[in-house]
Each structure stands twice: as structure tokens, then as C-alpha cells.
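The first chain written gets the first letter, and so on, giving A, B and C; residue counts start at 1 in each chain.
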Amino acid sequence: MSKTNPKTSEGRFFEDFRLGETLVHPTPRTLTEGDRAAYMALYAPRHALTSSAPFAEACGLEGFPLDPWLVFHTVFGKTVPDVSVNAVANLGYADGRWIKPVRAGDTLSATSDVIGLKETSNGKTGVVYVRTTGRNQHGEEVLTYARWVLVRKGDASAPAPLPVVPDLPNAVGEWQLKAPAGLDFSAYDFAAAGSPHAFEDYAVGERIDQVDGMAVEEAEHMMATRLYQNTAKVHFNAFERAKDPSGKRLVYGGVVISTARALSYNGLENAQLMLALNGGRHVNPFFAGSTLFAWTEVLETARLQVPGRVGALRLRTLATKNRPCSDFPGPDAEGKYPSDVCLDLDYWIAIPARTDG
Amino acid sequence: MSKTNPKTSEGRFFEDFRLGETLVHPTPRTLTEGDRAAYMALYAPRHALTSSAPFAEACGLEGFPLDPWLVFHTVFGKTVPDVSVNAVANLGYADGRWIKPVRAGDTLSATSDVIGLKETSNGKTGVVYVRTTGRNQHGEEVLTYARWVLVRKGDASAPAPLPVVPDLPNAVGEWQLKAPAGLDFSAYDFAAAGSPHAFEDYAVGERIDQVDGMAVEEAEHMMATRLYQNTAKVHFNAFERAKDPSGKRLVYGGVVISTARALSYNGLENAQLMLALNGGRHVNPFFAGSTLFAWTEVLETARLQVPGRVGALRLRTLATKNRPCSDFPGPDAEGKYPSDVCLDLDYWIAIPARTDG
Amino acid sequence: MSKTNPKTSEGRFFEDFRLGETLVHPTPRTLTEGDRAAYMALYAPRHALTSSAPFAEACGLEGFPLDPWLVFHTVFGKTVPDVSVNAVANLGYADGRWIKPVRAGDTLSATSDVIGLKETSNGKTGVVYVRTTGRNQHGEEVLTYARWVLVRKGDASAPAPLPVVPDLPNAVGEWQLKAPAGLDFSAYDFAAAGSPHAFEDYAVGERIDQVDGMAVEEAEHMMATRLYQNTAKVHFNAFERAKDPSGKRLVYGGVVISTARALSYNGLENAQLMLALNGGRHVNPFFAGSTLFAWTEVLETARLQVPGRVGALRLRTLATKNRPCSDFPGPDAEGKYPSDVCLDLDYWIAIPARTDG
């Protein structure tokens, strides 16, 4: 509650979380073709499966899926008022899986289970681990992921909870990957999609400089973040942010992710659908006015155990600010990132194979 | 007409208005789910009734209503070329009522009756009073409001009209409030909406600091204002505005209203639908780059004479620029506003009651 | 291909084009009402036929057409990765025809035939002429136009091709103009459209200052250009553009065209639909932060040989930056443009006639 009226919320502090509790996040949100267009204007994604309804149909899907990251950000946005309004840092993601495609007209809601709590040694903050689940209007799970954030304590004298750190996998195993119902790449139109490169053409260890750069303006990241009803003050409150050493609003990490994903089209044109989010870290902040670049490494390859020539690539995409990626910048031997690297994302995508497995 | 071609319009001047005339405003506009998404990206409204189609249906509504302020701004935008292109100031609103919800696919058009005219003593300007009505494609009224603006004279020697000042109510009476057909809060989902606070929990005189702050950029207010086809030059013509003492484009007052309304979610999560606009004044200009804050006072409470646990709150929301509202800034005893207060808005909203009335 | 991975593209250079080849451009794109709303927010078009579904229906059209320029930019955007990523300049358009209206739900794809090639005398660049065709999901042609661009050579030693310059018409002849199926202006509502001026009221040689000015911000032109999936680096890569003498991202010429078209409503309210693009040149670059103005001259008038009172005007619209157009700025006797004129566009539009032809 706020200082002046118990009805307003200033968000939860570390001591407000209880292990095992389930947070029911407001507000349900109906996504529509309007959201697809707004997402298009914000990132210029070009993957055919979410750009063309007939293309999606030809790939066996019922309906025209919205971008999986639009789904992610919408679910994520719902959690912000309850989980991360007072977060100092968004530390990481793990074990994320897109379970069912979301289409225009579907309504998303979200809940989060508190799966871990650990106060930091200085007694001023603590790490909160949540497992968030997004559901559609039928109550079906469409997305699940774990996330942990560093949250301020509101009352420094509040006692520390028993530390519990959940056991989260380093990556979603290939045996856990599931293609959306009906997905079939047997009649895939490589020319329309923009590249002849199929599953078989990507090798573990291969690196791809996505070449292009994309600037992000204040108006753009705020519009994106509002679209997801994410109201974290660090993205919007310019007055308060003027007191921060940066003096700037922080760009929502999801904007960096979606921009990097859109840039990754160049060289990964057939990486049509997100399947899983293995992990991700925003290793440096990104501010408006900078230009984002990206490069990607192939970490693993797998065949899905379904008919329809569905392959999967485990990819790692790094994004940089104001630094082209022809030299593939990343962490050094000690795991320390250069200051111009801002994202390190590990995920699985579905890609057509040229032949039956 | 313009100086160079009689087909172009430079807008009406004070002497061009005739008492009693009806202005038929172009252009009819079909609102769609695309407009809802654009509105979402611009303000991040979170009230469940306009965010979730199933939520609206569970509240007894036929169809998924678009935000009442999107309806207002769309109707208002149509009046600008005929009423306020040459306005010096938008002086006030009164007796506004949202009569029927507007849904995606509905087409809005607008007319305005000139209900008052009064030349100012300096002979250079005059106040024009209009009653504007918005209608859907079936000719049904969806919105009505009175508005008065200070308009320049094009010809200083034009004779002053007989002064007529309409008698406008200070507020829409509670007996005039009408809920949309079917509205029923009996099975209202408070958790999904984001707050347990019902009609019964709000008391006259209660003040709510909405806590959050929202910055507005040039691109954002221009996109919002274009969405409403409002082409008033003060919002768009940076070249001409460079000659103004502010040197800046003026943000359309409707952007301030919609931003304040979205901020008011924090503490008024269940204030689902606008019913009436009692009055409103833009007491200081708002320019891009500033951060908007808001606070709200409860002025009156009323029960609607319908089944379905529908309460109404008469609220007064003040919005400020670059000034948090924990001290509830407003006019002093003489009615003079601090320079950082920019909006004083008086309106009725519908809110679920916990019990039958 | 890029220097670091053969899967990524840095675009075609002059020597990569072959006369007579057909380029199949990715990615098909389904346009929706979301795109109409985004287009509205970006330009504020007010022509009734694309603003109101009932108005379009009353004009005999099946369905509610999307703005013809939204169609153009979407098709154009598809050609960029294959045609103009390495373009030094977009030199001109000719013989453009909108063949069939596009509605929400239609999916556009594009191909380009290389119809001319001519290396420039310095041996470092060459002019590429393409004929681009946009098709809907049924394979029906919806748009065709010729375009020529100055493209860099990637390898200066590549041999020059045999020079072939296609014979392109100065203008689409009035006998080639076709109205969309069903178009009928017999019951046209001039009041709703915003002006009483019909086909008969426009005279060859008449000049119209469109009066209004519209600023364009970085976020706006980037969002517009992304909406069209046009990823030309000059519009987005602020990091690389900082090395350009201008130091700025270049605004996509289509943004200038659509803004000028929207401004032209004032004085041409009934110029409802684009029929043909005779020619167009971006005679000076436009950068964000400037205010765009426009003026129009009537070049020709024609009656379409269809029932339904359909007239056509051949118009020439010039757009300027930070310069009002009351003095109709344009090229001097030698054809040289003032530095503040940025667009010279020649096109045919459909307009209602007051009487049968």
C-alpha cells in the first residue's frame, strides 16, 4: 500500500513474498490482430509463420499464431505489479516453454507461484524465484517459465525467510520440446519464407552475424511496454529516472529480446517458432537512442518426434548496443561481458527439415 | 477558405459561427480492434472491462466495449476542423454522457450545435459554445457533451453577435446516470480486475494518490492525436510552433486525460466504465518530455437504479507534470492552480458494489 | 552473403542483377484492421472511403479497402532486401497502377522483374530498373509499378552489363485507368466526406496549397517503415548513420508520400482513391524533426468509362520541409529544386462527379 491511501499499491517488497503462495495477476487481456500490427510496427519481424495467415495454414496450423514473444511479454507484463515493481534487477529466466499457440481473439491471464526466496547478505534485498504460467480463455496453459529477480526490502528489519533456491534446468531438454498441434513443414515454401537454408544446413558451433542494426527511441520502447500493460516505473517515469546515475529510462528487456529476434531473421529466416526459453540474462542495460545489433550461435540440433519434417535448433543470441557483431562479442573467459553487450539469450526454435528424419 | 485557393480551409473564425446552426463534421470513422491495440500502446489502460472480452461478457455486456475515452477523442477529433482550428484555448466541458458502448466495427460520426456565442471585451476573440453528439452507424447516439472554446476573429471589424451563454449544469445528476444495457456486476471477478475494493469501500472526500508517473514523448502524443484524426495545428506543426513562446507543440488535452485515466487504475482498479463527464479544464499546457502524475478525490457516490450491483462514483482527477501527487496539489483558495497542475477533471464512473443496493 | 557467414545477406550489388530475371520477394504479409489503425496513427488520413466501412459500402465497394499507399508500401517493403539494400538513391517510379483493392485479411506478396540495367560512367554504381507486382492470396495482381534505383557495385572490377533502359511512359494514360469493381459515386455523401467540391470543380492548372504542416519524429518514421517490413539500413541504423554527413537516419520516402497524401485532404477531400502513379521523385532527403508541407496542381482531368459518376484527376503534389507552400515552391526553369522541396509526385485519383458524364 502507498503512504497516503491503502487502496493504492507501491508493489511488493521482498518480505511480502511467501514461499509456495500463488499470485493471481490482473488484468486478463484479449490479444487481437491490432496487437500483431502494433508488434510489427515496433520490431519489423519477418518470419513468415507469424506474418502470413496462408503460410501458417500451409504449415498445418489451425489459425494464424501471434508472435510467441508477444505472448511472452503480455504474460510477463501481468506479473510486474505483483513481482517486480520494486525489483533492482531481473536476474534470469529458465525452463520456459511455449505450450500452445495464441491467436487473435484469445484472452491471456497469468499466475505466478513463489518457488524460491533468498535474502542477500547485506539484508537490504532478496532474490525471489517465481514460476509463471500464462493461460488462455479456456484455462489451457499457453506458456510457462521460471524467473528470478532481485527485490528490495521495504522494511530492512523484516526477518529473513528460510533460504530456498529452486533446482532449475540449464536448458529445456530436447525430449521436452513439443511442436504446436498440426505443425507440418512437408510442403514448406522456402522461397516465400526468404531462405533455402533448412535444419540440415545448420551445424553446432556455427556463428551468424545478423548484420543489420536497429535503433530504439524512447517513444518506441514505451509504446511496446505499454502494449504489454507492463507498468514498471523504470521504463516510464522520466521524472524519477532523472535522479538515476544514467539519467535515463531503462528499456524493458523484452524490447531488446524482440528486436534481437527480429534482427535474427537475416541468416535464420526459417527459424519460424519459439519452442523453449532455456535461459536469458540482460547483462547490461539498454537505453533509447542506441542501435541494437545481434549475433547467434547454434548450440544444439534436434529432431522433434513428430511427422512433418520439424527440426529444432538450440540457439544462443547475444545483442549489443552501438557495436556491430562481425567479431561475435561475448563474455570473456571469466564470464565477464563487455559493457556494450546487453543480452545473452538461450532458446529452442522450430525449423523445417529438408527431408524426413 | 485559404488565401490562395477557395477549396482549402483555414478553419472557422469566431464571426463564422451562427447561433443554432448544426455543423455536420466529416469524416465518419470505423473503429476496430486495431484502434484498441493502438490505444493500449499509447496509454497502457488496465481496467478489465475494456482489456478482456470474456470479462466484459461476464459483466453482461453484449460485445467488447472500446475504451469510452477512445470514443470521446474520436468524436472530439471530428469537431476540430469545424470548431477549434483557430481556438486560442479549450475552455471547458460540461454535461457529457456516454450513452451506448461502442465496439470494434462500429462507425462514428459527429455533429455539433452552436448553443452559445459571446464576443470577448477586447473584440479580438469570442467564446463559442457547442453541444456535440457522436452517433454510430445506426444513427444511435453514443456520446454527447457540451464544450466551449475561445476562438480568434478572422476579421476584427466583424460585428459582435448578441451574447448568448447556455445554462450548463455543474454536474450530471445521479438520476441521469445510465448503465450500458445488460451491465451486471453480480458475478464480478475482483481478483482478475486487480483489487478487492468495491463501491462500498470508497467514501466521499477520500483522496487517492495514483502513485505512478508516465512520460509522454512527441511521437506518442502525435500518434494518439492522429489516431483520432484530430489535425489541430498546435499539436503537429513544429515549424509554426517554434515561433510560440514555448517553442513546442502542445499536447492534445485528450492525451493528458487518457494518461491520467490509465494512471488512476492504481487505487481505482474497479472503476470500470466512464458514465458521465461533469466538467473538465486543461488548467496549464502539457508538453512532450514531461512525466504525468495524477491524484483523485471521491466527490459523490450513487447507486444506479438497475439490478446487478452497479454503483457509481463521482470522481475528480487532477493531473500534474513532473510533480508526484502525494501532497494532492490543486487550486488555492482563490481557485488559482500551481503551474505544474495541468488537468482538473470531474466525472462519474461505474463500479461494482459488493452487495445488492 | 556477409563476410562472416554465407547464410546472411548484405543485399545485392549492381553486378548481382541479371536482365530478365524475376526476383521472388519474401515474406508474404497478411494485412488487417490493425494495420489500418497503425496507418491512421502515423498519418491521420481522413479520406472517407478508407476511414468508414459504411461509406465504402455506399460507394458500391465490396468490403472496406485499406489505404492504397499502405498496399504500395507493403509491396515496396518486400522488394528492399532484394533490390535496394545497397541503393545509393531511389531515382524514380513510373507506370504504377492499383489494380484491385486490398482489404483486411488479404495477404500480399511481391515479385520484381529486372527490366533494365545501366552501369554509370564512373564504374562504381549502376541503375537497376525493376517492374514490381504485388499479388493477393488468390494470386490476383493488386498493384504494379516500375522503379529504378542507383545501386553500388560490390566488386568494382565486375564487368558492365550491356546497357538496357526500358521505355517507360511519362504518365499512365487516361484510357488505362480502371476503377475498382463496383465503384459508384451516384449516391456520394459530400457532407460526410468533408467537401462539396466535385470532379467538375477542379480545373487543369489549378493550384492548391494544402495549408497544414505535419512534423515527423524518428520513432514515427521508423514505426511506419517497420510496419511495411522495410528494413533498409538507412532508416534504422543510427550507429552507422552517425558517420554520414547528415548524421541522421533518412526518412523512408514512402513516409513523405503518405504524409503529403494525408495533408492533401485539405482542398482535395473527395480525391478518394489512388488509381495510378505516373511518376515520383524524392528530390531532397527528409529527416526527422522537420515539418512537412504540401501543395498540389491539377495536371489533367478525365472521365472513367464506367457508370457511377467516377471522375479522375491527374495531380502533382510537391512536399516541402519547414516551408509553408503558399507560394507553391517547385523546380526552377532548369528543373533544379530548392533544397527544401523533397517530393515531386504525379498520380491519378478517383473523385466523384456531380453529374453523369
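Here is the rule we use: a contact is a pair of C-beta atoms (placed from the backbone, for glycine too) under 8 Å apart; a residue touches a chain by one contact, two chains touch by 3 or more.
Just so it is clear, the structure is predicted and the values come from calculations on it, not from any experiment.
In summary, the pair subunit B and subunit C forms a contact in which the copies contribute largely different residue numbers, shared numbers making up under half of all those used. Overlaying subunit A onto subunit B using CA atoms gives a rotation of 120 degrees, to the nearest 5. Computed from the mean C-alpha positions, the centre of subunit B lies at a distance of 36 Å from the centre of subunit C. Multi-chain contact residues of subunit B (touching two or more other chains) are listed as 32-35, 37-38, 104, 217-220, 223.
The part of subunit C that touches subunit B in the complex is made up of residues 32-38, 40-44, 46-48, 51-55, 64, 104, 191-195, 197, 201, 206-215, 217-220, 223, 266-269, 289-291, 293, 322-324, 326, 328. Looking at the complex, you find that subunit C touches subunit A at residues 2-5, 7-10, 24, 26-30, 32-35, 37-38, 81, 104-105, 107, 109, 137, 217-220, 222-227, 229-231, 233, 236-240, 249.
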